[in-house]
Amino acid sequence: MKSIGYYPGCALACSGIELDLSIRELSRLAEVELCEVADWNCCGASSAHSTGHDLAVALPYRVLALAEAQGLTEVLAPCASCFSRLKGTLVRLRRNPEMLEKMAGLTGRPCRNSVAVVNVLEYLNRLLKDGLAGKFTAPLKGVKVAAYYGCLLSRGEDIVEGDDAENPTGMEAAIRAAGCEVVPWNFATECCGGAFSLAKPEAVVELSAAILGDAEQAGAQMIVTGCPMCHSNLDMRQRAMSAAGRRTGSMPILYLSELLGLAAGIAPKAIGLDRHFTDAMSVAGRSA
Amino acid sequence: MEKTETITENARTGFEPHIIAFVCNWCTYAGADLAGTSRLQYAPNVRIIKLPCTGRIDPLLVLKAFQGGADAVLVSGCHPGDCHYTSGNYHARRRWSVFGKLLAFAGIDGRRLYFSWVSAAEGQKFADLINSITKEVHAAGPFDRINPARRRA
Amino acid sequence: MSIVDSIRADAADLLQTGRAKLVLGYRNRQGRRAPILLTDAAGADQLVYDAECRQNLAAYLRKPEVRQHFPVAVVAAPPAMRSLVMLAAESQIAADSVTVLAVGENEYHGALDLPATAQLLREKYANLALPEELLRRVREIAAMSEEERAAFWTEQFSKCTRCYACRSACPGCYCQWCISKRNVPQWISTADLPHGTYAWNITRAFHHAGRCTLCGACEAACPQGLPLMLLNAHVAECVEKEFGHKTGYDLAEKPLIGSWRTEDDDGFVR
Amino acid sequence: MARVGVFICHCGENIARTVDVAAAAAAAAKFPGVVYSVDYKYMCSDPGQQLIRKAIADHKLTGAVVAACSPRMHENTFRRAAAAAGMNPYLLEMANVREHCAWVHSDRAAATAKAIDLIRVMVEKVKRNRSLKTITVPVEPTAVVIGGGIAGIQAALDIAAGGKQVVLIEKSPSLGGHMARLSETFPTLDCSQCILTPRMVEAANHPNITLMTSSEVESVGGFVGNFEVTVRRKARYVDPAKCTGCGECWSKCPSKNIPSEFDAGLSRRTAIYRASPQAVPNQPVIDAQHCLMLTKGRCGVCAKVCPRGAINFKDADELVKVKAGAIVLATGFELWDHSAYGEYGAGRIADVIDGFAFERLASASGPTAGEIRRPSDGAEPKTVVFVQCCGSRDEKVGVKYCSKICCMYTAKHAMLYAHKVHGGRAVVFYMDIRSAGKGYDEFVRRAIEKDGAEYIRGRVSKIYRRADGKITVRGTDTLAGMPVTVEADMVVLADAVTPRADAQKLARMLGVAYDADGFFSEAHPKLRPVETAVAGVYLAGACQAPKDIPESVSQASAAAAKVLGLFSKPKLEREPIVSHVNRITCAHCRACINACPYKAIEDFNILDRSGKVLRTVSNVNEGLCQGCGTCVSVCRSKSIDLDGFTDEQVYLQIAALEPVEAGAKTEGSS
């Protein structure tokens, strides 16, 4: 049985729990063991790097060091922010050995920086490549999907690899494998408002509304994403959007892993489809 | 004569590699010129002998250099595709690949014979090359295998 | 009909019909095998052939006393056949000036012209195995440390007396003015001091790169017992590995040194 | 007995600072064969050369070594001086003690020792130098011009006007290149075709110009004065001798839906077609990919309707060999493909077009007869955004250099748009305005001030098409420090200017160097801007770097002047560095014949009186030999040698470096 290191981070325990559930279900189906990094700590996303440079590196460094010490060669960080912090740190330390020593000193944990960090798209594509698609029993025939990457799953030199930052396509194969149709649209990498969720919700409402609007115009019936931050902004704020008169109607927002879970015939509740703010269970009906 | 004085001088102060470089006129010679016009400093151990093309550089030249007591020989010309004579360097490359392997098998290892492509634009590469070769030959010590007599001179 | 009888028959026939004015073969001389130059069919029964006939008779084709008798016929085993093909490829013999009395591994292939000989080699003798012992020693030396190898060859070359028997025995050494005879300039010192012997033996080996057919004539001829075949075999292996070059199988073969491909090995160049 | 003079230059302080020139002169004086040795402040100066000439005469020198700068710098200077003193110029050699010694070392003792070595090496060489006579080779007074755009046309016309023959080779079926596709030209706004077409016709009709359209260079052999260019004349399936260009064929051709290359895909053409109504020659060709007869074997309508029976479906490519003394490269440029910019719609938005498409829209002879209509629905765009530097100055995705012409043609586009669509809004995004040139900046100012183009300094970050068909252009105004969004009906991207995709293949055929971006390299960026490092090959137009029309034309004329200069003499003088075969010792193994890159070595029969072949040996054709010396290395018996770099010379140079006491005799130097 294959195995991979697992770093859930904070989001997967709360706002992004569907991501956690669906990934665990798919991994079970694909017979991949998820080995959680023991004693993991916050990746420092959004606050640390605006607070202190060393802190911003030290937090992910400790996680990488723990994983290495635990004998892991690869760590899956499903949350896009966590991924970006971990992989970003990995890249930075690769470029700057002095920093590596400094961090060893700061955290009291030496690290060869040997652990690879994998994001949710890379992981799911790998499962498909290794034959998961063969186990799909309930494809969502002909459902029109807008693939939404946001910033963290499309940007960052050497962080997001093997995809075009301006015109990413990393999700399309998976979406098609689930039986759906990928619609061309304009806002695949548009900002959802991200970290302004708490500071400037009205800005987030505006930006996210624009994304939903463009997806709708492009004829999409749902948006698929990989990032908990994007997901909560797009999913949770649809009521606020109509309240602010930005748009009406509702659009299901699924994690790619949820979509694949449905296609694989996993019970909707088991992958947390019932935990969305905007109804997503209706999508389940489409799979058969 | 100055020459012998400097040699005996070196005999006192320790070993100074005697390196002969056979270079082509169009790329490496010009690259060495560029190193000069850019005032890049490098070890004074190399003596350049200019030929029109690496195609003209016969293994006999190398053997003669060794017979004459050279501690190392460098052969350098235009990068593949850049030969002024279109293919002289390709001929040279095959010749050297065979000759190098023969020499190595016959007990003259890679620390004595060096090959490189240095273009007219690579003054820095030329300077670095000479420095690194001089360093390696320093480490390898005098080459007295083919010609013990000369080294004693 | 035995191999020897077939050779005798063909030789006689060639001389009678005038398809050859001279036959180069082996005869008995006090129980040892020696070359014979037959011009008269009557003498054909002097011809012998057995495992001891190792001398590469192709070497005689450069000699005026042989060349004046073209067309000639030559008794040749596969290595010598390769030498003949090589000589033709290097325009030393015209394709129609030599008939080969082709003796294979304990079978006789008949009197062949050079194209037929080349074809025979390609079909039946494409990979002639070298003696295990020789290959073993090549590996052994390749595996030595730099110092050991240097010491080994210094010792070997020190035996060389510069008698050039290797040169005389080799069919490939057909230059009237061998580099070793040149004295202005004298690239190769005639002194049998290390620098001279190194230069000669290395140059000899290099000048046969992609040309040596590994017949063993040079080593057999060396009165000092220098292991010249080690050098030859090593170079032959290298050129076959690096450039897929095998000498003496193609009358239109291009010289290894003097041809090139863009994809030739570039790894050793800085 | 050799009588060598050694002349050591201080080069002011350049050499003397690190090399003890006096000591070097003293040492050189003791070299065997040296009868005169001197150091002087500036050897290349007039008195310096005087000194050399005098010494040659006074001391009856048989050879001279000037220890100074690199021979690339002054070898000719000093050889001329030697010649003036009655010495064969090839008896003078230079020891490079500046670039290769004084400038790269600081230790005075070591530098001096090295300088002395370098001088000794050249002294030993010069002792064996032979008097050489420059070789003269006949020049074929025909020029091949590759590329039938404005640069090629201009070069061809100028060479032809000089009374020499020209073969003008154009890949496409018609002359004119990109300029023929332009609407109007900056900074005067005169109609491109009005000024170009006469030139095209003149080139086609000029008695000294042979026009080869639909033709490409297959291979190039030979050297300056004597090139042999093999041209592939592609099948056209229409007999130019019979065709009158009446148009019956293309008006009847059933396969009509082929995007027109000439109109940047904005119009459709038939399978048998002319590039444009102004095409020169004005005869159609059949595009084999789309011709039903040639693909499916049925149709043949054109053949039926052709009143002159000019259609020939059996036509095939033919290879034509052209002998030429000089070659002018004028292969021009193409536009960078902006589909690499995902943020600009990855080339998928119909109404986001490139500069050429806009030129065709604005051109009176274009698909819209000069009306600005957007491709998607033919509507008149009320707002057009022009984006400069699309791909230019973008190392990551595009090219690192500035494409130079975009600032000007974008201003022109904005102007033409304002003239054609009254009340239309033209918005230009730019990084910098680079409008150096006569009347150029005034032109840009006019676009802004008179024709009201809105110039916004900043990059465009995103272009996308909304469901309602509007194109949203989002960027920043870096002067205002504000993000800006423009709702446009059409966007014109000023794509970077890049070399032709197949230019490098051609460069390799000719041995011409090209830079990291793929543009052909000139021999010297300032002093030899139209020559290449390959003698007899010259550059014209945008194949060397992005250029506008005036620059291309002037470079073309400059190249023509170079060609005419070359052709002004019937014979060409060449360095006599060629190899020779020793026929006595040659064993005729033919290794040299096989190795020679110039096929300059051939079999040579030595005959007896009766004409019977005694022996066959190798023989060098001096006219073809370029002096690389590869033959020398492959010759096992050293029966072939190279003048100027003879075996004996090289041997003695190496021997000169042997660390032995003075006077110790070196073998072979007898």
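We just call them A, B, C and D in the order they show up, numbering each chain from 1.
Just so we're on the same page, a residue touches a chain if its C-beta (ideal position, glycine included) is under 8 Å from a C-beta of that chain, and two chains touch if they have at least 3 such contacts.
Since we're looking at a predicted model, the values are computed, not measured.
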Query raised in the report: Across the interfaces B-C and B-D, which one involves more C-beta pairs in contact?
Result: B-D
Requested in this report: Work out the mean Cα position per chain and let me know which chain is farthest from chain B.
Outcome: A
Report summary line: Between chain A and chain C, the Cα-mean centres are separated in Å by 72
Query raised in the report: How many angstrom lie between the CA centroids of chain B and chain C, rounded to a whole number?
Result: 34
Query raised in the report: chain B to chain D: how many Å between their CA centres?
Result: 33
Query - For chain A paired with chain B, centre-to-centre distance based on mean C-alpha positions, whole Å - result: 58
Report summary line: chain B touches at least 2 other chains through residues 59, 64, 81, 87, 91, 95, 150
Report task. Give me the residues of chain D that touch two or more other chains. Result -> 595, 634, 651
Query - Where chain A touches two or more other chains at once, by residue number - result: none
Query - For the chain D and chain B complex, residues of the former touching the latter - result: 23, 27, 30, 70, 72, 96, 98-101, 103-107, 109-114, 116-118, 120-121, 508, 511, 513, 533, 577, 595, 597-598, 626-630, 632-634, 642, 644-645, 650-651, 653-655, 657-662, 664
Requested in this report: Would you tell me which residues of chain D are touching chain A in their complex?
Outcome: 341-343, 346, 348, 462, 464-467, 472
Report summary line: The residues of chain A that touch chain D in their complex are 164-168, 184, 186-187, 214, 217-218
Requested in this report: Note which residues of chain B are touching chain C in the complex, please.
Outcome: 59-60, 63-64, 66-67, 80-81, 87, 90-91, 93-103, 105-109, 114-117, 129, 145-150
Query raised in the report: Of all residues in chain C, which touch chain D in the complex?
Result: 90-92, 174-179, 182-187, 189, 207, 254-255, 257-259
